[in-house]
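Two complexes follow with subunit A in common, the first pairing it with subunit B and the second with subunit C.
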Partner chain A sequence: MSSDPGSLPRRRTRGRGWAAVGWGVAGVLLVAILWEVYKFLGPSEGVVIGAVEGEAGSGVLILPRTHDRAMPHVWSMLIRLGEPTSGGATPPLVVSVAQAAVMTLGMAALGWLIGVAVGMLLGLAMQRWKLVEWGLLPWIVVSQIVPLIAFAPVVNVIGNQIDRSGIPWPQWLSVAVIASYLAFFPVAVGALRGLEAPDRIHVDLMRSYAAGYWSTLVRLRLPASVPHLLPALRLAAANAVLGAVVAEVSIGMRGGIGRMLIQFAGQASSDPAAPWGPMFGSIALGLIAAGSVALIGFGLTKYRRGEAAA
Partner chain B sequence: MTTDTTLAGTASTGAALAVSASGVGKVFPAKAGDVTALTGVDLEVRAGEFVSLIGPSGCGKSTLLRLIADLDEATAGTLTIFGKPARRARIDQDYGIAFQQAGLLPWRTVADNIALPLELHKVPKPDRARRVAELAELVGLSDFVDRYPDQLSGGMQQRVAIARALAASPKLLLMDEPFGALDEMTREYLQGELTRIAAETGAAVVFVTHSIPEAVFLSDRVVVMSPRPGRITEVIETGLGPVRDEALRETPAYFAKVTEVREALHGAPTQRANER
Partner chain C sequence: MRLRTRRGLALASAATVTALALAACSGTSDDGDADSGDFEPLTSIKLQLQWLPQAQFAGYYVALDQGYFEEEGFDSVEIVPSGGDIVPQDALVAGDVDFAIAWVPKVLGSIEASGVELTDIAQVFQASGTTQVSWAGDGITSVADFEGKRIGSWGFGNEWEIFAAMAAEGLDSTSVSITNQDFSMNALLDRDVDAAQAMTYNELAQVLETVNPDTGELYTMDDLDVIYYEDTEGAMLQDAIWADTERLDDPAYADAAVRFLKATVKGWLYARDNPEEAADIVYTAATAPGVDAFPVGPTHQLWQMNEVNKLIWTGGDFGVIDEAAWQKTVAGALAAINQQGLHLIESDPPASAYSNDYIQQALDALAEDGVDASGTYTPIEVTLTEGGQ
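Take a look at the complex of A and B:
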């Protein structure tokens, strides 16, 4: 077993894993340091060019303001996380952020699942029938140009109508559907590319075994699509979070982190460190979503072996 | 019922022939006009016979192999494999095939790659395991069955591909330049192995190559082909006997056949001085 050549690259990967964590931490620290350095050196009212004397808000701001209301200290943001959410006996901000994040994560996860299912079906259909690919692929690309802000209320209205007609359609379902609208795209494209990834020789080989569509799909196309699908799934996860946050805001749903972002941003002049709570929360959300998908990849390592170099 | 009896009838008369082609042609339709890849091919390969197809690129040798394998359909003539239409023979798994690239599935171990055709034809697991062990032994890879293709050398990968082609015990082996991407040493070694394996399994082999010495060393007959349009120009019986070992490569009879095939390829006797 010691002669297993597979063990060597794996150890190297683990070393690279720790290095990656180190670089990640260093990157976050660097951003925090840059923030504080600029806040210390930069002019309190920023740098404005072309301002007209006596006219408030004129000119173009080319360097941001550095006073505490515009740029709170990094430590104030962190301290604020531990303070009550909105004064009094309300729970600490970090707890509220976590609760909101969990809610958004749930909707994003559902959106991701719907998106992956739809994307896979589209990918399968497009691979199976060239005509479907020609007919559908341009529309799939066009679908992503429609702004989510315009599309979200439409889904909400349709959802409300369904709800009123007797079939329960809660608001979170609308959010999930909107999130899935962003999530399905990378999956559909990735699945199509992945399913078409097998070499001609492999397809010929399956034909020579008189293997039908389903055997070829299960034994060749799906395994071969894994290296294309994993990045697509990760992209879909990030898109689903983004979609869920934007959807919450645009249909006015309460309880999620998107709503919280807007609410606290409105109070920023009196409580400048507070909006950073949900902001950190949504960053964490994106990382958790993408990280969970990366976990799927660990179970599929054997499908990610490089094509053997002859 | 009628079709059954006719099929059985042709099968019994053509039983001694692994491949029988008469007047076979293949035209690929193209925008700039049809391309004739093959025309008027008459060829018979007896059961257990080793036949090489040789010729410059574009002579249709790979196309002919693909027609026999029913990976493409002939546009003219009749082609039967063990007395059956090529399509039937493919569905019945009458042949095994290997290409220039080993074409192993990178996510499957050596054993699982060899087992792929058996798996697809629902061979029960214990039988499968037994057959895989046999084949790994035959190609000399018993110690490597748990490895993945990326952990093997090119020559070893090609041996796995040969084992996989032999998995369903076909009586016909189709090989499209299987040693084309290998270095000379590995190549000569595998040529020796292939003649041994072909003799042990008793399978007929149709072998596409562009190497003259390879064709002569391996074959009972060398089919020389010519391009534009792809056709057979000459068939040379090597008459080198059943034993193909390294000593054969040094014999005058072998050299004479290499010269004969070369001359057939060039269409005219080449000058002696150019040969050395």
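Take a look at the complex of A and C:
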């Protein structure tokens, strides 16, 4: 026990940090243990109801199969991560996964930036002119009903046409645009709600100061929108990663984690642990994306009173 | 004013096009001139594959690696893989590439559906590599046994041989349950289907690279019944080299086609005589940084090389389209009806859909150089390993 009183709070903070890490590790371990326990106890061929004897593929599988092809041991997946990606002298799977994850993260980040820019502009326009809100908001909501796998190839085709006409349009730009399509939505809605969050009395105060639109926006509305905006940005980050992965798969772009997942899934019979590599990679990707956005929040601590949970 | 400029431009371009067309016509009618180099030879071409780099495309990668393309006067040959994002015949029609590898029935479908003009200038695979794999003892040893069974199929235009073979047995999707299958063999291994579609050079090997939990050893051919579509009425021609029919009137393109085929024949000859080295060349190309093909490991590639060679070297001259096999493919494509009740094609393809002129020129030129591109392949013994690593 130190006699220096100044070191006490710092140590407590550090202790809390370690506790958070501990809980995180415990959570992951718990999932791994549950996986292994079910694999040990569950029937190898799963539980099927309504199967007809002698008819392949009949019935409904209600509990998953537990054999090694369907559920490899956790340690097999980890060992596979250290083995060569494609046999021979190829780099370990974990390296290939990391490279693919960085690629996808880059496209998701670009998609996030586009989405945030578009979402903010929409939010600002809708707050400024009620008519725009009435006209646009329903369409913004409807836009999210369009399935991404239907929308992605359209973006890709348009991108290819632009590319052929002479303006370079690489495939990763299509992926970023598709990712931004998912990312802009929470930002637009969050920005609108945030910008409209100030109390009437505060708006009136600004008006009594004869403050114009811009000073009201900068001094009142934007600071007040932070508690609504931060969760929206986090959601946008998660959506951008999801959008990038789905976009890669549906337009068949190679190099990223989504496409890698599909490619390894095709080898899942003889090498069942391999597809789990990119799966872990995409989980890490989502955490990194959400975590990076959380960093923005640290710079805005004083505006974060009453932040809504996302 | 502006309108007049635009109209003038349109007139000028129309005139240019006409002049070019006339020039092209005169070029072809005068064969002697075309051969003596009346054109600027193409030195840079692109080849579109139908999938990612693997031993299925060994000949082209070998030609690249061994400098056969340079020997035929090409400074640069780019082999463009497809991860399913690029349809080879579409890329060829769009002018993104100069030649493309694609299955004959798929291109016949495109020709009829969108009226594009493409020509099969070399039939690389003379035999079909498609199979339907079931468990030994389940009694599915011929297409007729499909009746009332659950049969896996990939779709995406890979399914027509199944429907053509079924049509020949009087079966269709009302009497046989056709189920979509993914590219792993889990549907068969988990008995979700009675018989799964598999290429001899890929998915069949994947089963044989999987450990049988009952024995702790890899599955063997004794565990399986394999129906080879090549032996059925449904057999269709597969990997072929396609060219743009209209462009073939351009002597420079036609000349490039012949030179490209010469290099390709040499590449495949090398792959026939050195399967280990050829498999290694493809594997190296597929695992090069930035390719992101993530192929199955080296022993799988060697298996694939061995099986692909069997499909190419069936005794005749390399790449020459066999009239009977072509007609059989067309007949199957006309007869096949899929789950949606649709035909692949409803009328005969145009005569321009295949031509032996270019491969014959290539083979003749090679024969002059003392290269014999006929014969058969002596299969090697390939021992598969778990996961193909």
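Simple rule for what comes next: the second predicted complex is superposed on the first by the 283 of 310 C-alpha atoms of A that agree within 3 Å, B and C clash if a C-alpha of one lies under 4 Å from a C-alpha of the other, contacts with A are read in each partner's own complex, and residues count from 1 in each chain.
Criterion: contacts are C-beta pairs under 8 Å (C-beta built on N, C-alpha and C of every residue); 3 or more make two chains touch, one makes a residue touch a chain.
These figures come from a predicted structure and were not determined experimentally.
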Exercise. Can A:Lys302 be said to touch subunit B (first), subunit C (second), both, or neither?
Worked result: first
Exercise. Looking at subunit A, does subunit C or subunit B touch more of its residues?
Worked result: C
Exercise. Can A:Asp204 be said to touch subunit B (first), subunit C (second), both, or neither?
Worked result: first
Exercise. In the superposed arrangement, does A:Arg219 touch subunit B (first), subunit C (second), both or neither?
Worked result: first
Exercise. Between subunit B (first) and subunit C (second), which, if any, makes contact with A:Gln161: first, second, both or neither?
Worked result: neither
Exercise. Thinking of the overlay built on chain A, is A:Asp271 touched by subunit B (first), by subunit C (second), by both, or by neither?
Worked result: second
Exercise. For A:Ile251, is the partner it touches subunit B (first), subunit C (second), both, or none of the two (neither)?
Worked result: second
Problem set entry | Doubly contacted residues of subunit A, that is, touched by subunit B and again by subunit C | none
Seminar exercise, completed: Touching subunit C in the complex, subunit A uses residues 44-45, 55-57, 65, 67-70, 83-88, 90, 96, 100, 156, 164, 171, 251-255, 259-260, 263-271, 274
For this session: Provide the residue numbers of subunit B that touch subunit A in the complex, in ascending order.
Result: 66, 69-71, 90-91, 93, 95, 97, 99, 101-107, 116-117, 119-121, 148-152, 154, 157-158, 181-182
For this session: Would you pull the subunit C residues touching subunit A in the complex into a rising list?
Result: 52, 81-86, 94, 149-150, 179, 182-187, 189-194, 206-207, 209-211, 213, 283, 286-287, 290-299, 386-389
Exercise. Where on subunit A is subunit B touching in the complex?
Worked result: 5-6, 199, 201-202, 204-211, 215, 219-220, 223, 226, 302-303, 305-310
